[in-house]
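Please go over the structures that come below.
In what comes next, chain A is part of two complexes: it sits with chain B in the first one and with chain C in the second one.
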Partner chain A sequence: MTFRHPVLQFTARRLLAAALVVLAVSALTFSFIHLAPGGPEQTIAGRFATPEQLEGIRDSYGLDDPLPAQYADYLVHAVRLDFGNSISTREPVVTAMQDRLGVTAPLILGSFVLICILGTGLGTLAAYRKGSGLDRFLVGVAVTGASAPAFATAIILVFVFGVQLGWFPTFGDGEGLADRARHLVLPVIALTLVGVASMLKITRARVAQVLQEDHVTFARARGLRPSYIVGRSVLRNAGIQVVTQSGVILLALVAGGVLVEVTFGLNGVGALFIKAIEARDIPVIQAVSLLITLFIVLVNLAVDLLYFALDPRVRAQPAGARA
Partner chain B sequence: MSTDITAVAVPVPMDRRRRWLWPADVPVSVLIAGMVLVVMAACALLPGLVAPQDPALINPTESLLRPGGAHLLGTDQLGRDVLSRVVHGAGTALSGPLIIATATIVLSLALSLVAGYFGGWVDAIVGRGVDLLYSLPPLIVAMVLVGVFGGGYWLAIGVLIVLNIPQNVRIMRAAVIERRGLPYIEAAETLGVSPLRIMVGHLLPNIAPVVAACFFLRFTYGIVDLSSLSFLGLGVPPGSSDWGRMLAENRVQIFENAWASIAPGVALVLTAVSANFVGDWLYEHFERKGRTR
Partner chain C sequence: MPTLFGSNGWTRLRRFVQLAGVAVLAVLVAACGGSSRSADQNTDAKSSGGSPASGQSIDELTVVVPVMSDALDTTKASVGSLGTLLLGLEPLMRYGPDQELTPNLAESFEQDGATTYRLKLRGGVKFWDGSPLTTDDVLASIAVHRTKGTASFIAGQWADVKSVRETAPDELTIRLSRPNPQFVYALAQTGIFSKAFAAKHGDQLGSPRVLTMGTGPYRFESFTPSSKAVLVRNEDYWGERPRVGRIETRVIADDSNRLLALQSGDVDAIIGIPLSQTKTFSRIPDFKVSDTVDYSVYKFNFELDKKGWDDIHLRRAFAHTVDRKALAGGVLGGAAPATTLVPPSIMEGLLPKDEVAAAYEQLGSTLPAFDLKRAKAELAQSRTPKGLKTTLLVAGSDPNLSALAQTVAQNAKKVGIELDIKQVDDNTYFNAVYFKHTTDGLSIDNYGSDGPDPVNIPNNALNSATALPGGSGINIADFRDRGIDELFARGARLEADDPARGPLIIEALKRSAAELPYVPIAYPRLYMGLKKDYAYDGFSTFWWLNRWPDQIAASAS
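For the complex of A and B:
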């Protein structure tokens, strides 16, 4: 062992793997885009371009260079956060993404925090009252929310709270902090409904399991406060599966976020991505798919590292031995 | 000795199978969900009998009517009857997920049986592959791939089939391993039954309930994922009466005739939720039985 600490060793190995994954995925998307019918020059020049115009564009963008050379060029620029300009809006891709993240980040993170709080809280409650009417009600609502597509939930929310009751705006992302927050209420609810079910179900199942274990019975016998038992004994033991699930949920929120943004007409990264796909705006497609890949890899890495924080048994083992 | 072995090998699977096929304690919610699925299937198979009008009949003079009268759910911008379009949409809404669920279950089942039965390095390879794919969220990967390639229904189906495999394999492989050590498998091995026959004839019938549960769950996710793609314009071509597509096209007119976009949304939610209820119940029903066994 070169690293003394197994956690460090594990982290280093995972970081290396993560970097390789990002590299491989970016190479794949890059070659897919360039192999797809039409080719980038067609997109830039439009449908009615003459062969001479296409030739000119191929030349100026270096499209006749071998693909690996083009990819290397792309990588060199990407490392400096230079993804070129959007073909349809001419604006630098990085600026466009920065603007859009102001909508997407609060949407996804807000929903994620709500899902964690509601999912673990209600899941624990349901486990304590397992089999009761409340339990069945919570599970029913959660399953309904989870199996409905995000855009369908979103449109029903728009209809009830936007059109019928008129409490919230139905479209757009608003200006200024307060207005934007108002515009984000329904989208955040829609996204929360999508993700909260799996959090609730896994928490409920795990907490119900842990409640049967001897150490909880013993803690109760010692007369410890119920709140202390939940915090120290139950949730800490149920935590591993809940953390794994939270990673899966956070990733599902990316896809859900795209749908919700489109349904509510929010100008987020997801909506930008869909517009770019429609317009075959290659620099934008490339940059957004790279951002998504990075996000997936980082979330998975964070989940792996959280195991160490939560489970002392994993920390004690050498890194490779974990299943 | 040999009579002993057959006595162990045959009755156990038969008994469990019969009990599963006729479950006495079906909750009301699951019954209703099952009926919803039957109605949807009827709409998908014989849309002409259920739908009051031609779904593609354009009538500009009756554009954006509110529900009532000749049009139970009103009309869309082109004056097409919303109810008829929703009924006809059941076909595309169910066929794609059916293909995805069937294909992904068949592939996962083969992988699970082989990995679970043989174990060793075969299991290790399958396990590694599954772990690798597990961290990829299917819908977003499908969005990126279909988007990058520029649309394509079959590409979307293919991606969703492959990326749904890991979840199934995790559940089914565990079920295979759980039964692999049971006496009736050992008995069959002693009798010299070939591995293929053990897998198909002895293991498969015993994990059938898990497979059925997985099928319904994948069907649910298939509905959600495919309709999401078509909502974004990445699935079926414009103009077809696909629910996701209809919702996207009529979204803008939500103040004129909200039902043109709400109705396909409600149909989607009903179908997906029903499939999930049935799948969930099968899974839990089976799991409970597995534990008390």
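For the complex of A and C:
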């Protein structure tokens, strides 16, 4: 109980801070949308709309109401998870996001899992073989992958595996589970290739460092199995940095995923967001911003909580020292 | 937010990515399509394929289209986006590839005087759910464009309608408040939907999970807003059996992805190949690119009430810096230099070819020619003899605008007119250029007609009624001339195909040219690509008004 209590305290404090961050971001987003030139009424009524039509639309959506009143109205609905309907497509925003998450979630999470597995696995291998040909090869491949812009990687992948070999579709997100999975193979690989390098490098550096530490030498001297040493001594000690990096990568994948979605013609949350910004589709912009903010906050919180799980020294610190 | 790729300047980045991607691809395509023919050899200005094997069914067709609506709703679509929508929600009148309007859901159509139209509804037509088409459905389908405060894209086309009434069983009478020969085309752009279905789904009508209910030859199976629609053959269609079993229309926004999709063979046809990519597309093996005249014009616009640009000498000075021939041939890849707002081939719908040629020659002589010396001389006579610096907005969605602007900027700078070109998103661009007229006074756009009538662009660009503050602002120059308004009014009292309208339009174009509210640059061509297995009979700039999938057939050649 003495262990759990500070964790709960920490979590509560972070959740409170997260709520304030979400509130601040939503207010800023709201202000920026209204400060931007143009408005949703132009998207709604098209290029030939008369001033009378535009005024009527602004009136019907309450776009000329005072901003604080509009924001308060938004907040009241948002806390009930009611984000209204998209101004441009008319579908409920929550439905639109659910549909788009069916593309974005597997794309981001699939890439993330691959990056974690490949990055930590190959990074550990490279650290164990530091200075060898294998080490140089792995680092070289990773750096090449990270250096190539995602769009170039994507195009080459599509050209080779889509056009020349015909193994995978070249565009779109497919219908049904199997078709969707087929459509996401190349986007996931493209995103993984870009992200795996940073995970490999941090793992390699940290594992190589830990391998020099006394407790690993003692573990080897005691004749413990190498797999046990890697799992219990090496990776656990390298874990804090790896977990920190994984959080950074996961958030970066959200941003990188937008570009990959556009390049592969995927109808994911990123593509929805870009379209909403272009159309000044306020309900969608607000909801997606909120989703991304929440995701960032929760990932950071999860990373912090993982520190507790990985490192007993962190658990032992007084709560105030971590805030 | 941390990012692997950087997140600043999204629009510029995306454009860069697209351009770089296309560059990479062009190399790949060139490398792998070595045996294909050259662009010039592959581009056929007249035909769109071999001889079509008429009547032959096609199981599936995947077509990349330039634009798609945000909802399957007739109020949310115009021009290109109608190309998908009207396949399901068919109109009362159908505009055919022969450029003729023929009754469709209307069994007959007659005009009674300049302002009255009578339509008899076709009997025995059923919606996809089996319910019969009634006049109530038609009235409801028209009402959404006419009700006060409507947000319909095509509300302007119904603006002159005074009343729509059922005057006999299955007969509708439409009365206009004033003559408008363009109105008949509204009947070809207005899809008819089920009133009961619309009432049941309210404001969700046309959304992806609701779709819509029509009588058309193809019914919607799925829809992703502004991205993809899947249509399947309506086996119970009242008319000629639809030729294609399943059609997937798609928008692929990314230039390189679009090219790869075509190269992979996943796509059968593309309508609206970007002008910058026509040569690359024509190198794709087993793929044929063809083109047709587009009823649109690239032009510079002067807001005539803006300081500086209210001076004819400054306008003429700038016009002299525009090398239309070089821009049309270079930047726009073989477009025709423009002499006025309407392509001559469109005017030939009303006037004999030789008369159009003579009129256009005269119009061309009125337009300031590319001549930097004369530009300097005109500038010296203006109220800004030392020149000026002005911001010119370009929309990221049309890279030609930026390319044209940058080319002209180099010449304009030589005479003292400095253009600060800013790329902005479409909403910002449309807001400043069309809706609010808040540019510095100079803008550039590609204005396409929203209907086949030759008066469409001249009327929109020159009639006082379309200027701000009362009009839509599509008259970007806010040009006002009572004499020209009267010419349009006189033309409106004539029937759509009356050749007497031609000289009136020409006269309006000539009179406005003296004031130089616009500098026409070029008439682009519309490009279409098709697998060589197919032929597209009668492809035209108004493909979106046609029942176009039924014009595509397995090629006999």
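Throughout what follows, the second predicted complex is superposed on the first by the 300 of 323 C-alpha atoms of A that agree within 3 Å, B and C clash if a C-alpha of one lies under 4 Å from a C-alpha of the other, contacts with A are read in each partner's own complex, and residues count from 1 in each chain.
Note that contacts are C-beta pairs under 8 Å (C-beta built on N, C-alpha and C of every residue); 3 or more make two chains touch, one makes a residue touch a chain.
No experiment lies behind these values; they were computed from the predicted model shown.
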* **Side-by-side fit of chain B and chain C on chain A, or clash** => clash
* Asked: Looking at the overlay, what does A:176 touch: chain B (first), chain C (second), both, or neither?
  -> neither
* Asked: Does the superposition put A:285 against chain B (first), chain C (second), both, or neither?
  -> first
* Does chain B (first) or chain C (second) touch A:166, or do both, or does neither? -> second
* Would you check which partner chain A:66 touches, where first means chain B only, second means chain C only, and both and neither mean what they say? => neither
* Which holds for A:149: it touches chain B only (first), chain C only (second), both, or neither? -> both
* Should A:133 be classified as contacting the first partner (chain B), the second (chain C), both, or neither? -> neither
* Asked: In the superposed arrangement, which partner chain does A:195 touch: chain B (first), chain C (second), both, or neither?
  -> second
* Which of the two partners, first being chain B and second being chain C, lies in contact with A:49: first, second, both, or neither? -> second
* Would you check which partner chain A:223 touches, where first means chain B only, second means chain C only, and both and neither mean what they say? => neither
* Asked: What's your read, chain B or chain C touching more residues of chain A?
  -> C
* With the two complexes overlaid, spot the stretch of chain B among 134-142, 170-178 or 188-196 whose C-alpha atoms clash with chain C. => 134-142
* **Overlap of chain C and chain B interfaces on chain A (superposed complexes)** => 36-38, 149-152, 155-156, 158-159, 162-163, 170, 248, 251-252, 254-255, 259, 262-263, 274, 277-278, 280, 292, 296
* Structure fact -> Residue set of chain A touching chain B in the complex reads 29, 32-33, 36-38, 140, 143-144, 146-153, 155-156, 158-159, 162-163, 170, 248, 251-252, 254-255, 258-259, 262-263, 273-274, 276-278, 280, 285, 289, 292, 296, 300
* Going by the contact rule at the top, pick out the chain A residues touching chain C in the complex. => 36-39, 41-51, 53-54, 56-57, 59-60, 85-86, 88-91, 95, 99, 149-152, 155-156, 158-159, 162-164, 166, 169-172, 175, 194-195, 248, 251-256, 259, 262-265, 267, 271, 274-275, 277-280, 292, 296
* Structure fact -> Within the complex, chain A is touched by chain B residues 29, 135-137, 139-140, 143-145, 147-150, 220, 223-224, 227-228, 231-234, 244, 247-248, 251, 254-255, 258, 261-262, 264-266, 268-269, 272-273, 275-277, 280
* Which residues of chain C touch chain A in the complex? -> 1-5, 7, 10, 14, 17, 20-21, 24-25, 28, 32, 70-71, 73, 78, 148-156, 203-209, 222, 224-228, 250, 252-254, 256-258, 260-261, 263-266, 425-428, 430-432, 434-435, 450, 468-474
